[in-house]
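Each of the next two complexes has chain A plus one other chain: chain B in the first, chain C in the second.
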Partner chain A sequence: MTDDTPKVFQQTPLLKAGTYGFLVLWALIAAFPLVWIFIMSFKLPVDAFAQNPLVVIMGKNTATAADAFSLLDLILVGIFTYYAYKIPRKFYRTTVDYFLPIEHRKLNIFALCFVYGLLVVASFFYLLPFVSQLVNALFDELPLLSLLSKPLIGYTLEHYYAVWVENTFYVQFKNSLTVTFGVVIISLTVGTLAAYALSRTTSSIALWLLVIALIFRALPHSVLVTGYLPFFVDSKEILTPLWNLPLIGSIFSFFAEEPPTLYGQPLAVIAVLVAINQPFTIWMLRSFFMNVPKELDEAARVDGCTHFQAFRKVILPVMWPGLITTGLFSFLLAYNDYLVTSLLLDSQNETMVPAITAYFNRETTATDQVEAIAAATSITAPLFILVMIFQKQIVSGLTQGAVKG
Partner chain B sequence: MKQKTFFVFVAPSLLMMLIFIAIPLVSVFIQSFYVTQNVYETVVVETCTPSFPTSICEKTEKTVPLLDENNTPITQTVFVGLDTYRAVLEPEKAVQLIRSGQFFDIFTDIDFYKALRFTLMFTLITLPLVIGVGLLIALTVNNVAQNIKGPVIFISLLPFIITPVIGALSIKWLFIGDGLLTRALESLIGQEIAMFAQGWTIELLMMFYRVWHVAPFAFVIFYAGLQSVNQDTLESAVIDGASRFERVRYVIIPHLMPLIYFIALIHLMDTYRVFEEIIGFSSEAHVISLQWLTFDFLEPDDTGNRAISRASASSMLTMIGIILLLIPVLNRTLRDQKKG
Partner chain C sequence: MAQIQLKNICKRWGSTTGVKDFSLDIADREFIVFLGPSGCGKTTTMRMIAGLEDPTEGEIYIGDTCVNGLEPKDRDIAMVFQSYGLYPNLTVYENIRFPLKIRKVAAETHDSRVRKAADMVELGPLLDRYPKELSGGQRQRVALARAIVREPNVFLMDEPLSNLDAKLRVSTRAQIKHLQHSLQTTTIYVTHDQIEAMTLADRVVVMSMGELQQLGTPTEIYDTPANTFVAGFIGSPAMNLLDGKIIDGKFVTEHTQIDQLPSGLPDAVTIGFRAEDIQVTIPTDQHDTANSEGHIFAPVYSVEMLGDSTLISIKVGQALLIAKAEKTFRAEIGQTVSFIVPPEARHWFSKENGARISV
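Let's turn to the complex of A and B:
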């Protein structure tokens, strides 16, 4: 690679070393706490809280008491990951071009990706252990190569088992999914409509709405929850008069026999989080809409579309990147929330993040601590996958709001 | 777009914000002047203990909650004016402390001032740190080869998207009693360290956590801003003999100024809400924040009651604080938007 930067902009070796050194340091600081809890969650407490970091990574006690990976296993996993990543890159185009029917192309591509993902997961959990057992047994017989199949890095899944199966963490996982997807879908639907209107007008009302939204964004969430809580707890009594009204009452009782107690209802929390998220959603989507040229909807209008048709048939199809990005940030807000969900949901509908406090408040034994770590890692895993897939969208979303908006 | 269509489009969002933000705000404001409590009555109870020749009887006065026909306590809501604010701010105690010359004890003895002190200090100290670290990472990433930019951005995003409570926990686990970094520090200094035994070390860790969590956000935005720096201006600065540092100081930073304001605005809003750190580090005994104070009032206490009116008062005070803090930054944003 030739360096084509002008000579004055080239860096002195010292500066270059400093730059790279700083970046390595930053990458270490950024990733270390997360990598470390990931490693700890697979070890027995003796190893997880050992003094020597090498002992933690190798997990000698875990290896003797539970399972261990040999060097061969690691190599096999490496090969598997490499090909699982490379194969779609190489064959994606040809498969799509030659084997998929032209109709419903997008649906077919989605199905293809889904099946591939399923295949990879299945072979990772079922085929790979089988193969590694076979290869390890084979290498054990050979004189010198048996070193490779010696157990090296200890791991145990017992903490994950305790968290997910014994303490039924999947219930909280399901609750988190309900709340998160509810928030994403509703806030995008409501937000796009408003943001589109705000981006296509220059009236002073629109400006004031945006400023008020900005002030609402600054409000601490506890302020709002203080407003909801007394109403949510007593909502049954407060709402009864509405149900007793002659005409409106019969409409309401069509939906629910009697007024609901909103406290503890996932739907109520979804509504609250959507509202809290609304100012941010509007601002971000608006800046995406600003980039869609006005001429596009004018052309649609000339062709006889109403405003809503123009929005649905012309603008929305070009807005997918913006929607995905804003959806991601709504996802993060709902998934990561602690304050609102812990105050407004009862223990039956609790989401994952408030549930984890039960683990670390109870931290009496070392096993409890490692279980808390396993639960924390479980919560982080979906986020990690999200960044892997949507890195570009997250970055563009962050910059869109600031640089252009 | 016509006024009418505009409102049709905006209506759902506006309605959501009205019902779930504006109305709760008004209700919090009203709640803060009222107290709902059980109605008590004083009854004379005669208790007798068997004795000879007659039993000894004792009459005592007891206050018991009044019950209605369903045996649930009757409650009443009373207007108390500024009493709840007084209960939160405790002006008498504060004045007494100042009189006796222990001015700084206000910030350790009274919960509200303790929370206020931490929240403001935390916000104002982390602000320049986040901007500085973010800018430094952006400048260095901008200077390295293309093929390592992607991985660095990926790793940088991890602390940013992590659930705040868990991010705080992951740092806490490194520094607890037998944590890895505590032991490393102990062997470095040669004496026992307990990071979670006193307030200031916890605050230090919290600030570290916050910078770790938010600097990636600043970095990504500054990095995007750096892509549009005018190369001609940079070149002319070089011709005029500007050193590397002077180029950053007089060309790049002025170019990034709007972004710095933007980050400052978002950071002030988010950091003033500091809350998850308190939960993650379990620091309630040493360090508390304004939002945590309200949260604590809202949590049911041992008898299952929630101190709604005191929570409302502390919410109102919290809100006044953020508005005061934001006025200068908001003013500027409004001016920029008007300019177009």
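Let's turn to the complex of A and C:
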């Protein structure tokens, strides 16, 4: 491996050892608990809370009581992952170039990726177990090689089953999705429009708006919640006049028979989280818009766009990575929020993060704790998937800064 | 048909004035260049024609329509920007096609039109690239192709060559001239580079401080500058300007005595002469120049060898005067030289307002 670091930035061997040592330590401290609870969530409590770490990893008791992977299974999974990753890399270009129609290209590419993803998931859960059973049975018959098909690492899905099916965690998952998507959609829509305007105006009011937004951002979240609370509790009485208005009232009643009590509803949480998040979104998006040269707007206008077309067809596609990055931050804020959701939501609308605390508040048994761990692991999974999908955009959104014309 | 008329255009931002009472008639198919130092209002004027700025006062006509208040897209213009203004997320092909697509030109004509425009600026093999994979000159040619693809009534070019290096500038300049000649489209070209202005323009508009200084063909601007600003701006080196007084029928100032003056000059005048129109000699007697021929005697301030000629400069008061001599001419710094200014090389300007005095 050649080191192309310019001479001025090269480290002395001692410093290098120190840096890597620190990195390893940091990775252990930061990543270890995550990996560990991931492993624990698949074991029976006997194994999960065992003294010997090796027992936790191998899950001997789990293997006898529940399922286990053999070495063969692991190899098969390895092979499967390798090809699931390699095949698209090798055939993507040719497939796109020769087999997809030219019209609606982007849509077709999306459909292709979606179908491939479905295929991979389906074959992982249905085809792979079948194949591994077959191969294991085959190896069992052979003398020495049967060692490969011996159960090796125990696993159980019963905690996940308990969490998702018995404790109906999917309700909380659905609530989380409602809240996060509400927040992301509203704060990105308002944010892009506001930030675009603020990045292009020369008016002095713009600066004041930005400063006010910053002050709002600085407020403690609980202050915002208490500020909104009376309105949410009495929203039915407060909103009644709106419903009684002649024309507008009928539009409102189209959505709801009578004014809702917002307290306990996802809508209330969305409103508060958007209020908390909006200043940040506007500031961040504004800096992305500032990096898009004004000449692009002007070129688009001269080429035949209306103002809005220039925004939608030229400016937005250019700062797409910025939009994704900002969207991800909004998503994280809403998805991970504990304070606002736990204060404002009633139990049937509860989101995942406050729901986990319920596992600890109970008279906890060892099983409950492992279930809590399984729930915690379930929460992290969507985040990983999201970051994996958008990693390219996020990296360019965070690093590129300037969108050069 | 796209003649352009500007009627008493003004542009103000608060108390600052960008363009003052500017009127201009541009004929159909004319190549007109706005020339001036930065901040003179030339770009603002062009942006008002493009519809990117609104004039505070005055009217703009393209063809027979008053375009005040019309959106840029409704003015049937195309513009080329200094920093290209290409869409970085689109390929060269899609960049050139964009105006056709957005204006809903019949889709089956797109391909041939894009390729025709690309061939005119020699972009044929680069159509699949992205702007970031191109050099500066190539990017500017994409911008040109995007402008010509729609065959608009008017081209507006805002310093299109400023970001290119010297060699590319020469070749792209020739390309622009050739394009305009073959397309026969009215073109307005903004630049601060007088060589671009002289080589490209049918007529040049020299601007300063938001005002029109002179409008004329490149030759007119060069040979009969309308005032000291134009005289001091056009030409490389620019015209020498020297303030002085008329005493006893002679133009007199430090180191200087010029006779054979025309009649009717005011007492305080500025004389102008071009470096290549005067002769330099070295007087034989360095200390007593009274008997030597010449109008200005002064020690050499600097000597610059250009290869095809030698520039000799002297200092008279605050003014630096430059003469262009033979390429073999040599002089030492500090040595006294004499400048001979023949009567036909002299331009006279009023010292009060800088305006040309015709004699």
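Definition applied: the second predicted complex is superposed on the first by the 347 of 405 C-alpha atoms of A that agree within 3 Å, B and C clash if a C-alpha of one lies under 4 Å from a C-alpha of the other, contacts with A are read in each partner's own complex, and residues count from 1 in each chain.
By definition in this document, a residue touches a chain if its C-beta (ideal position, glycine included) is under 8 Å from a C-beta of that chain, and two chains touch if they have at least 3 such contacts.
Note that the structure is predicted; figures quoted are calculated from it, not measured.
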item	value
Contacts of A:126 with chain B and chain C, given as first, second, both or neither	neither
Chain B versus chain C as contact partner of A:360, first or second or both or neither	first
Chain touching more of chain A, residue-wise (chain B, chain C)	B
Touched partner set for A:373, first chain B, second chain C, both or neither	first
Contacts of A:295 with chain B and chain C, given as first, second, both or neither	second
Overlapping contact positions on chain A, where the chain C interface meets the chain B interface	403
Complex contact set, residues of chain B against chain A	1, 3, 5-6, 9-10, 12-14, 16-17, 19-21, 23-25, 27-28, 31, 136-137, 140-141, 143-145, 148, 150-159, 161-167, 169-171, 173-174, 178-180, 183, 212, 216-217, 220-221, 224-225, 228, 234-235, 238, 244, 259, 262-263, 268-269, 272-273, 275-276, 279, 282, 290-291, 294-295, 298-299, 306, 308, 311-312, 315-316, 318-319, 322-323, 326, 330, 333-334, 337-338
Touching residues (chain side chain A, partner chain C) in the complex	293, 295-296, 298-306, 309, 313-314, 317-318, 320, 403-405
Touch list for chain A against partner chain B, complex	1, 6, 8-9, 11, 15, 19-20, 22-23, 26-27, 29-31, 33-34, 36-37, 40, 49, 51, 53, 56, 189-191, 193-194, 196-198, 200-201, 203, 205-207, 209-211, 213-231, 271-272, 274-276, 278-279, 282, 307, 311, 332, 335-336, 338-339, 343, 353, 356-357, 360-361, 369, 372-373, 376, 379-380, 383-384, 386-388, 391, 394-395, 398-399, 402-403
Complex interface listing, chain C residues touching chain A	50-52, 71-73, 77-79, 81-89, 98-99, 102-103, 131-132, 146, 150, 156
